[in-house]
Amino acid sequence: MAELMSLPDAVASLVHDGDTVAVEGFTHLIPVAAGQEVIRQGRRDLTLVRMTPDIVYDQMIGAGCASKLIFSWGGNPGVGSLHRFRDAVQNSWPRPLAIEEHSHAGLANRYVAGASGLPFAVMRGYRGTDLPAHTDTIRSVVCPFTGEELTAVPALTPDVAVLHAQQADRAGNVQLWGITGVQKEVALASARVLFTVEEVVDALEPRPGAVVLPSWVVDAVAEVPGGAHPSYAHGYSDRDNDYYRSWDAISRDRDTFTAWLDREVLGTTGVTP
Amino acid sequence: MTGWTTSEMMTVAASRALADRATCFVGIGKPSTAANLARATHAPDLVLVYESGTIGAAPDRLPLSIGDGVLADTATSVVSVPEIFNYWLQPGRIDVGFLGAAQLDRFANINTTVIGPYDDPRVRLPGAGGAPEIAASCGEVVVVVSQSRRTFVDTVDFVTSVGFGRGPGDRERYGLRGRGPTQVITDLGVLRPDPETCELVLVAVHPGVEVQQAREATGWDLRVADDLVVTEEPTTRELEVLRAIEATAAPA
Amino acid sequence: MAELMSLPDAVASLVHDGDTVAVEGFTHLIPVAAGQEVIRQGRRDLTLVRMTPDIVYDQMIGAGCASKLIFSWGGNPGVGSLHRFRDAVQNSWPRPLAIEEHSHAGLANRYVAGASGLPFAVMRGYRGTDLPAHTDTIRSVVCPFTGEELTAVPALTPDVAVLHAQQADRAGNVQLWGITGVQKEVALASARVLFTVEEVVDALEPRPGAVVLPSWVVDAVAEVPGGAHPSYAHGYSDRDNDYYRSWDAISRDRDTFTAWLDREVLGTTGVTP
Amino acid sequence: MTGWTTSEMMTVAASRALADRATCFVGIGKPSTAANLARATHAPDLVLVYESGTIGAAPDRLPLSIGDGVLADTATSVVSVPEIFNYWLQPGRIDVGFLGAAQLDRFANINTTVIGPYDDPRVRLPGAGGAPEIAASCGEVVVVVSQSRRTFVDTVDFVTSVGFGRGPGDRERYGLRGRGPTQVITDLGVLRPDPETCELVLVAVHPGVEVQQAREATGWDLRVADDLVVTEEPTTRELEVLRAIEATAAPA
């Protein structure tokens, strides 16, 4: 059963040094506030998993939380590069970052296998590319009926999933809608599940296209309005495209990034008055 | 009509590559602009599929990201990311995949991963995203990319998405079921793979472009088709619609 | 693109002798009217696939349409046996019926593999049971990462899916809601797709929990109000439990069944005035 | 209280096997009645999961089929059939699986497939349905079945769902992750597997039932626990609620 608690308490109780953490949300519902709370609590040596490392991971990597990144597309969508991610990979700043690289289809299927209680997933992919030569979590499997060779990827079972949704009810049932991405698979693949939500409501009103996760597969729910900014929460906020553009300048230089980090994250409580 | 940019010419040429009623797996940026231009002009029933899980999206403004809310609001159906790849892309249901490239080689292999050695990259690029499986499974692939020696290289530093591998037979060998790249549309012209050798051949130049420019912007000895044509320039309507579409994406 | 047509035309153009046909619907939305039209058109040597052969398959088997049945649970839900199914299996009446038997999980995964364009699916199942000894579409596969042995089942790719939904729009986009079962997987796994619908509407209004299949993955849509009777269409009709009970007596005896078949199916056009 | 039927006793005993807040994979028939009785009495937060894809259904009347519309109307979440098996049952998220049986043997293996030879059955039964994977993956399994020599056989004609196979170690050997059957609840009493041998042992008889009756209704030499108890008879409340629930399922 999910417990309703504050974001600092939720992060403190569920996210530990050395954990494999999946902070997910496909463009939509990215739990940026939760990521910044992880920075604020000084978590270290995290293996970060995410299909699209985006500003949230650029910040966590630049802040030194991560020792490894498992991902499939690492850019600032519509803007360009993630400079902190590049600086870590190319120059080991602020610390070395090991990477394990997949395609979207491959990483999505790794979550599916995790959610399904299977050790691996079968797919068509990667063949002929240079990815298998550099990623040892890509292998092949032969169909026992046709003899055809296909690609296998191992299950991803993060220690903790950090996700954002529009709503939870007081019992801790969570509802999200719009682009639902891999949220359900990540929640069901992970040992622990932390949701930030725009709002806690008395009752979840059924919505077209909604995913509802019952309270008994969620551990903590924290009400954090705007917790997905600069990404968005369908029906609550719009994507702040200017912020994504402005991040390019903030993150390009180590000093401006560090100043930003001290001022906007470490120097705040994260709790909006 | 005159007074158009090479970038506009490239987008218009890309939009013309899309037949009406086709299903198209769309990446953000130029491909999305071109697909929406096609939908607003000659292909009103073009089905746009985005990797965020939106099927049949009909945005009334240019989406600013692959997961823009306008895609979900206007889609026939919104599915999960695993489903869009497993149930819709992988079985070969999508006719055309639109891809960009940081590097492209003579066999239309695409690199969006690294420039330089993988373990000590000169430039670390975003990576694969949905591209490897789009390149593998769509009925055909159209690549939209500006042409320069930096981009058009003899051999890519990293094969992120397979065009024709090292030549004829490689796609079959890898079990890739789509036909692969059928057109590479650039700011200078259009290249198509030679049916025999799979090597990219310049088949069209855009109005005002000399073959020599295309040769100089290519990192291998570029072959030119005997029946080279000049692309029909953008029509007034194409440009008006394109500019109207792009205006909707202007920074707030 | 789906074409709107009459049920007789849809069946005539999409269902052929010798086809593998999946008439699906998990308790809900069972296309019984379409099944009876297949009987009326005298289709023969069909391989019928369905998780829960129910009254619709008892009728088709008793009418002699089928030479093989692929299934996972063959009963009259809440009532008892399917007598025509039993008579065919035990006494080859009206003709021999070969069977290929799975569990629900196995058959569902076979549809998933078909919908995914994969030759097989991986699952945990069947181990220790007597099913693999009698069903050669159950094999094992070894995880290339952990070495664990798991169960593999081959993709099911029917020649034609016959399905019922609440609504289609005039462009042939189909929407169904309530218990959605395996409808999406069956439609996407099959070479041809026939939908009967309660109603053709001008525009599909988004609904909580709805599955929408775009027109371009559907071949034919026939408006058949009540086409799921005695099963139901959520929001349109209730399950006719009395009919399921009464079927027990009708189907128990070959003569009463044959009389029913002549009177209720062969003797009618199926088009309700 | 007196004046209850053996069938009611069986259903009440089954309902008592369900702890509050547990998640329960429910089949139609007695299991569904028992689960709804538990939810209406001592286990208000019992989570009912049906193979039709309804999670957290809270029917206000007894569902008449596994796919009754009332289940979808009242569920926390409705998912597809592949999802209910792959994402919810298979990973072992469900605490208790409730199963019936046409035949059951001393190691609690279940047959719902055929009586007699598979290829020339004396009686062709419905088959597996969801049972094999429920028996494999639920945290524990509770079997609810009327006890007779026809049903309680030394060896089942066909193993549809595995209890303990041929004895200790078989579940591990087959990679079945749930603990398997922990109780078999009949109209005569309750059986539990011996922790050493996995053989079913009579641990309780219902009020008014003699051990000898249970022995005579069992097709193997039934062992009886030294600390055999008598089931607590149905309370007035249990019976009132049960009868009210069953009334909602009366033929229209």
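Each chain carries a letter (A, B, C and D) given by its place in the written order, and its residues are counted from 1.
By our rule, contacts are C-beta pairs under 8 Å (C-beta built on N, C-alpha and C of every residue); 3 or more make two chains touch, one makes a residue touch a chain.
In this text the structure is predicted, and so the values were computed from the model without any measurement.
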Shared interface partners, meaning chains that touch subunit C and subunit D: A
Chain centre separation in whole Å, for subunit D relative to subunit B (CA means): 57
Between subunit D and subunit A, distance of the C-alpha-averaged centres to the nearest whole Å: 40
Two or more partner chains touched - positions in subunit B: 86, 90, 137
Multi-chain contact sites of subunit A, meaning residues that touch two or more partners: 117-118, 123-124, 148, 150, 184-185, 209, 211
Pairwise touch network: line, ring, star, complete, or other: other
Pairwise chain contacts, counting only pairs that touch as defined: A-B, A-C, A-D, B-C, C-D
Complex contact set, residues of subunit B against subunit A: 28-29, 51-54, 64-69, 71-72, 78, 80-82, 85-86, 89-90, 113, 118, 121, 123-133, 136-137, 158-162, 165, 170-171, 173-177, 251-252
Interface residues, subunit C side, partner subunit A - complex: 117-124, 137, 139-141, 143-146, 148, 150, 152, 154, 206-210
Touching residues on subunit C, where the partner in the complex is subunit B: 1, 115-118, 173, 184-185, 188, 211-214, 216-217
Contact set on subunit A toward subunit B in their complex: 26-28, 51-52, 71-75, 77-78, 81-82, 85-86, 89-90, 101-105, 108-109, 111-112, 123-131, 134, 148-150, 178-182, 184-185, 209, 211, 232, 234, 238-239, 241-242, 245
Interface residues, subunit B side, partner subunit C - complex: 21, 23, 47, 55-56, 76-77, 86-87, 90-93, 137
